[in-house]
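What follows is a pair of complexes built around chain A, which joins chain B in one and chain C in the other.
Here is the complex of A and B:
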């Protein structure tokens, strides 16, 4: 059913989600107001405030990309930076509020006039479209275009890359709907019964069971309207029909993309985007170090991937006060952690797991991920930029960052393993930082007598064949598995479901690597899916976090940070917390 | 029984070279081995290579007992902001003569020394495997000819055309973490030896086949056959001793190739499992973590170790060939 944000991205750093919860009540509740003080500059200024605010039009913003987007089709992309970038040319039903700081975690209406209206039984979500929103060719957006956009994402053969939430969440014929191209049930290719369009500006989603976080799902670019007459299937990504401030002028696939202002876009209907630059380009498949040097030279304005500069540029920026003043080091939304197998002896005893929590050197873990610039030492599983996050530190990660040998040994006593024990550590061998972190953990656990063997596997088969196969882990005595997580949307449900819910344990491709099946956690996660009151729902986030830490099921490592370089020429630049990178939809250039 | 060496260089054979004859002592008959050794001794470059090789072997055997623990962390020697060693040249100091590793601060000297053991074990055993298979197949193909030769020659072609690197990556990926009673690095080293050795034999096989083809027409072989000697006897007692020269030479030249191949596999992440150091793995860490740009010594030191080892083996192997192959020196 639901699918996490693709992990491969983590390598490039796709970050993702965090956030605010306000689902049914939209952005109106539980939001922290932005503390922007326009005009501030300096290191990290763009994390909490708008740097170089300006309404000046003109100029060209050049994006550099060390790879290529998974797809520029809003229905077929899962890269965090593309979710950010697509806001330049499409309007989904909902989006994240364009503002710095925690404010940027709020989900707010974009194409819709307000947040989804949920029925009493929680099964239908109704969105009203803003009247008068036009496509780039001047035709008016209708609810049919939204329905069609959702329908086409059901064709997993044509569009395999995007998230797959709708087929799991929606009722009606959603479970076996093949997508509009193979739809023989209706002539107008509008055969998906779970989405109805009572009139031209209303679209209704019928769910199979209540899902209180549906507004977050509606914020995925997959809900951006696609006119059926202009759909070219797999080639649609070469020219998605724009509803945003910019439209495609030319796109050489995986080479060069040029966007120009969309004449039919109105700022009044799209407050979360801006149309300042007169041209936006993205050059793809550039060398990563080349991107950095061009950023520093001013030839490029933005590194599209938004995951931070390479090592060479990093030392250059950090050692020069003037460069550092135009850089930011925000939280990316990822937690890097080690899951502790709660079913494998002797780790099925909570005290043995606590021994690992105490013994691990958090400093060495952090060093493996690039020191304080690469990440902050994590005291909780959830990153601080989740809606409803509360800070706590059960195992002294901040007071004894080098590890607490005495407490670890007393936990080993309590576990009945005073001399330590032996277990296996798995990690993804093609991720240098994870390899370094695994070795660091091995060294620090060795100090309390916990002997470990290292088992590296390629990322592509890590979940499917090795660490994510509980039977394999049991047979090979794999007690600790390195992993990382960022949710598709920023609340406790989005973050914890796949890594901590008992229901998420699966015989292969398992993501609950701790195999945690704690009734308390399961109950809280279940309640989050059915509680429509945002304040109550958000309060569960921290409770889940606390219970997982009490279970010592996960050893939090670091909250990833990315060193971003904004330079001096960009205007209206700030970090959108939800993406952990600069908000691409509002940038200007001077 | 005709001793082949006598046939080749007996009393009626070529005169010893003048340089060798000018010695104060009475002129004695010398065996081919002695002549080769004298030639080799005069080749200073080859001798230097040979000495380095012997030193490397000693380091690989005894070095790990003398240096500090290669997995001990020294976080205090690392500048956390840049993840690189404090101090110039990768943190070179009296306590850490080769500096320390970025991120972890592990001692580079002990990692290079421990890496030498792994690299040399793999290179030597893989070479032994390649030589073993290559010699047997080459001799059989060359001696029997006909369809046997065709089959073996085609097999060699297949192996030479095989996309070895791709195969090695795939194989290492699918092999479980324990098999054949081995696990962890023991299994991984065994696997690397197998992959490298099993795919390197055709080079040796081709050379031996060519040598055998020319040798089997020689008089001493005909003589042995006329006296009733059968295939295996001729093969292993008449032909093989004559092949010792080329076998030694090409084995010496195969070793550096295999060191490089092990480094390449480790670089691709299918080599030795950390924290056990290996040279290729160290270079790989330096490149994949982009440390070469902020701490060049991290790449230069294992790179130099590979360079010196490969160079020493190559120089020694070249010298050995010159010494053993009279035609080469004329």
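Here is the complex of A and C:
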């Protein structure tokens, strides 16, 4: 998934404290339904509170998008903003609580009546569906529709873009199930034995091995029900059948999407969404600067990507008190970092990696990402908005933000390379900020004698052909790879598995670029998967983070922040911590 | 003339086949020669952290593992007789000329291009009328009033028009006339059939910006051509015969000077019909230019191939029309 966000750590701590206080005092109902209280205003007001709370109906919310969604099919999307946007038209089994601050990291039931009920052996997860939830055509949602929705994601040929957690987690015939379209095992083409439906409102997931984070998996839009009779395969993206507050009125592929209220949606069964606007549009493939200008002019209300305004608009907003008062700069949930190849000599020696941690100028890294507005200096790999996060700073990122040459040289001495060494740095050449960060790191490392060569590759082939191919990295001496990561769900497992688990290393498309295969990290990640007690499980998050930093396998750069412009016409605006952008599911317009 | 047109049309088909082969080779063959295997190619079209099985399924679905000649043959066959694609629940028929099936959107390429074509057509034709009329008129007047204030001023403006890139003039015009003074607010494409007035109003800025660049070129070209032509002996003879000055200028001077203008106009219009990339991106117009940019960003090879073929087709046809038009302009030209 993609996102970003900002804040100084202190600011974040204060904000988190306020948010947590708000959540605890507000009780479970919190702010999921809009009220008419005045709310707070000003810069960053929407980070911790609801701005312009209102129950007024009507109006059109226009979203602008500088690209196009990977897919509007809930079963085939992996973009963070689409996971946010799909809540407008579908209800997965679980979702994230609609409320500002840290409260928005809580996974709560959506289509289900409660969290999954896990069996004693941890191998089955049972969800009961809310009665009376209907599709846009008035037919009642059944557990079969949920099962079918999960089944169709197994056809990776047709739906290659969404996550593939189900095929890895589920037992039964999941490992070889080809999806319903090629399913010859049953007449109704619903032969996935790992998902059963004892009755019309119960769906049971049978896992191959225990997985304590399964509620988070159930919150992925892939569990949103799909009626088999209305499935149009690859064309389903043109009109997914709605269970949410809005439904598709028209969709010109990759150009223009129009949503209108779903007459069969009930607020009582979907408290995490609202149906306030009378129409929602998304115009795709717009010029990013044009989007900003239209936002400022009021022609558009929301930049769908939720990654912040461009440089030109940023200076306008920050230099104008009135514009700044209607903007927010939240942490986006993304950490930008450089992975250090733990298998390539001499970086297979931890002291050589530590030399890099000390030598790097974090200030320059931050400057490359636009200074404090673009990101906060990261002291840990995990961003602060993970459940179970704990702050620490092993290499003086905040005390010596310009780098510590003396300590770096000392570590070089310890690793037997007192005069430094030579290695390659990879980065995504079509990302100017990453290019600048790579150049800054090259300069920092040069000060301690570490000579580096820069290797830029296009984003589209970065994982598949170059940095993400361990063999290529070894053959070309690529010791440092720039990257960024956001969690699929906000805990240690969701964040760390793909970038730090030994099992995640793959021959191509690899995202564990450090090729870290530390038994301690692997063990902690494994424990997270099997520990049902939430407090114990969440405590592993910071332990994994700490161990990765002790291994010096990753050089954290910045915790990304996005300067979002909310304007004055939107109502019920706040940043949902999980998405790191405004919560699209509850927006209204004046 | 008929024989000439038939001969050129046959040549056009062969030319397009060659273009398709070259384009296909660039995108499908070169990566293999550079060491990229089909598995790596397929990983570009899968989401984050794909399993090996997922990549293999995509490789199979997109037909990437098939021999290249088979993939190319399938592509050509689709253009001639159409193709069927598996959409899971059934088969999607892509009628000829079917330019393949998008790797990203899992939809046939041709209908997407067809839906973008009216935007590019509207943009290119409107702008070309503006620049042709404006550029040629200014060029003629400048040539006839050589050294005058108008000549120097218009050529100065023309120089600016050639020098200023469209993304600059486009953004400035949007900032001034769409946001600061909302004379043309909310520039989005509205089809001519939906609302002709809104269609024109929303395209005025892109037309002017695009025409500004080209008009500058055409003004300078026309001026140079007119200056050369008006100094020819036959112009002096025409004047000596007592022909009215308007006839001398229009019938004898301009007609002769127009020949190179028509040549370059054919090329320019053909290129634009393949997508006015920068203008469309600047104004967020969903035409073939923007389609091309997105196809490249997404590494969507069938879309890139399709739009390249269509652009080549437009250029070849535009040149054919230009060749025919030569005969009208210059009676010495016969086919």
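Basically, the second predicted complex is superposed on the first by the 552 of 590 C-alpha atoms of A that agree within 3 Å, B and C clash if a C-alpha of one lies under 4 Å from a C-alpha of the other, contacts with A are read in each partner's own complex, and residues count from 1 in each chain.
Heads up, the rule we're going with is that a contact is a pair of C-beta atoms (placed from the backbone, for glycine too) under 8 Å apart; a residue touches a chain by one contact, two chains touch by 3 or more.
Note that the structure is predicted; figures quoted are calculated from it, not measured.
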Item to complete: Identify the partner contact of A:287: answer first if only chain B is touched, second if only chain C is, both if each is, neither if none is.
Response: second
Discussion item. I'd like to know which partner A:263 touches here: chain B for first, chain C for second, both or neither.
Written reply: neither
Discussion item. Quick check on the superposed pair: does A:168 touch chain B, chain C, both, or neither? Answer first, second, both or neither.
Written reply: second
Item to complete: May I ask you to decide whether A:157 touches chain B, chain C, both, or neither, giving the answer as first, second, both or neither?
Response: second
Fill in: chain A residues touched by each partner, larger count belonging to chain B or chain C
C
Item to complete: Scan A:461 for contacts with chain B and chain C and give back first, second, both or neither.
Response: both
Practice prompt. Please work out whether A:504 is in contact with chain B alone, chain C alone, both, or neither, and reply first, second, both or neither.
Written response: second
Discussion item. On the A-aligned overlay, A:443 touches which partner chain: chain B = first, chain C = second, or both, or neither?
Written reply: first
Worksheet item: What residues on chain A does chain C touch that chain B touches too?
Response: 289, 461
Item to complete: Can you check the complex and tell me which residues of chain A touch chain B?
Response: 289, 310-312, 314-315, 318, 361, 363-364, 366-368, 370-374, 429-430, 432-433, 435-436, 438-440, 442-444, 453-456, 458, 461, 476
Item to complete: Could you pull out which chain B residues touch chain A in their complex?
Response: 71-73, 75, 78, 80-84, 103-104, 173, 177-178, 183-184, 269, 273-275, 285, 288-291, 293-294
Worksheet item: Hey, which residues of chain C end up touching chain A in the complex?
Response: 36, 39-41, 43-55, 57-58, 60-61, 86-90, 92, 104-107, 112, 115, 171, 174-175, 178-179, 182, 185-186, 188, 281-284, 286, 290, 294, 297-299
Item to complete: Sort out for me which residues of chain A touch chain C in the complex.
Response: 1, 67-68, 70-71, 78, 152, 155-158, 160-164, 167-168, 179, 181, 231-235, 237, 252-255, 283, 285-287, 289-290, 293-294, 296-297, 299, 460-461, 463-465, 469, 498, 504, 506, 508-509, 511
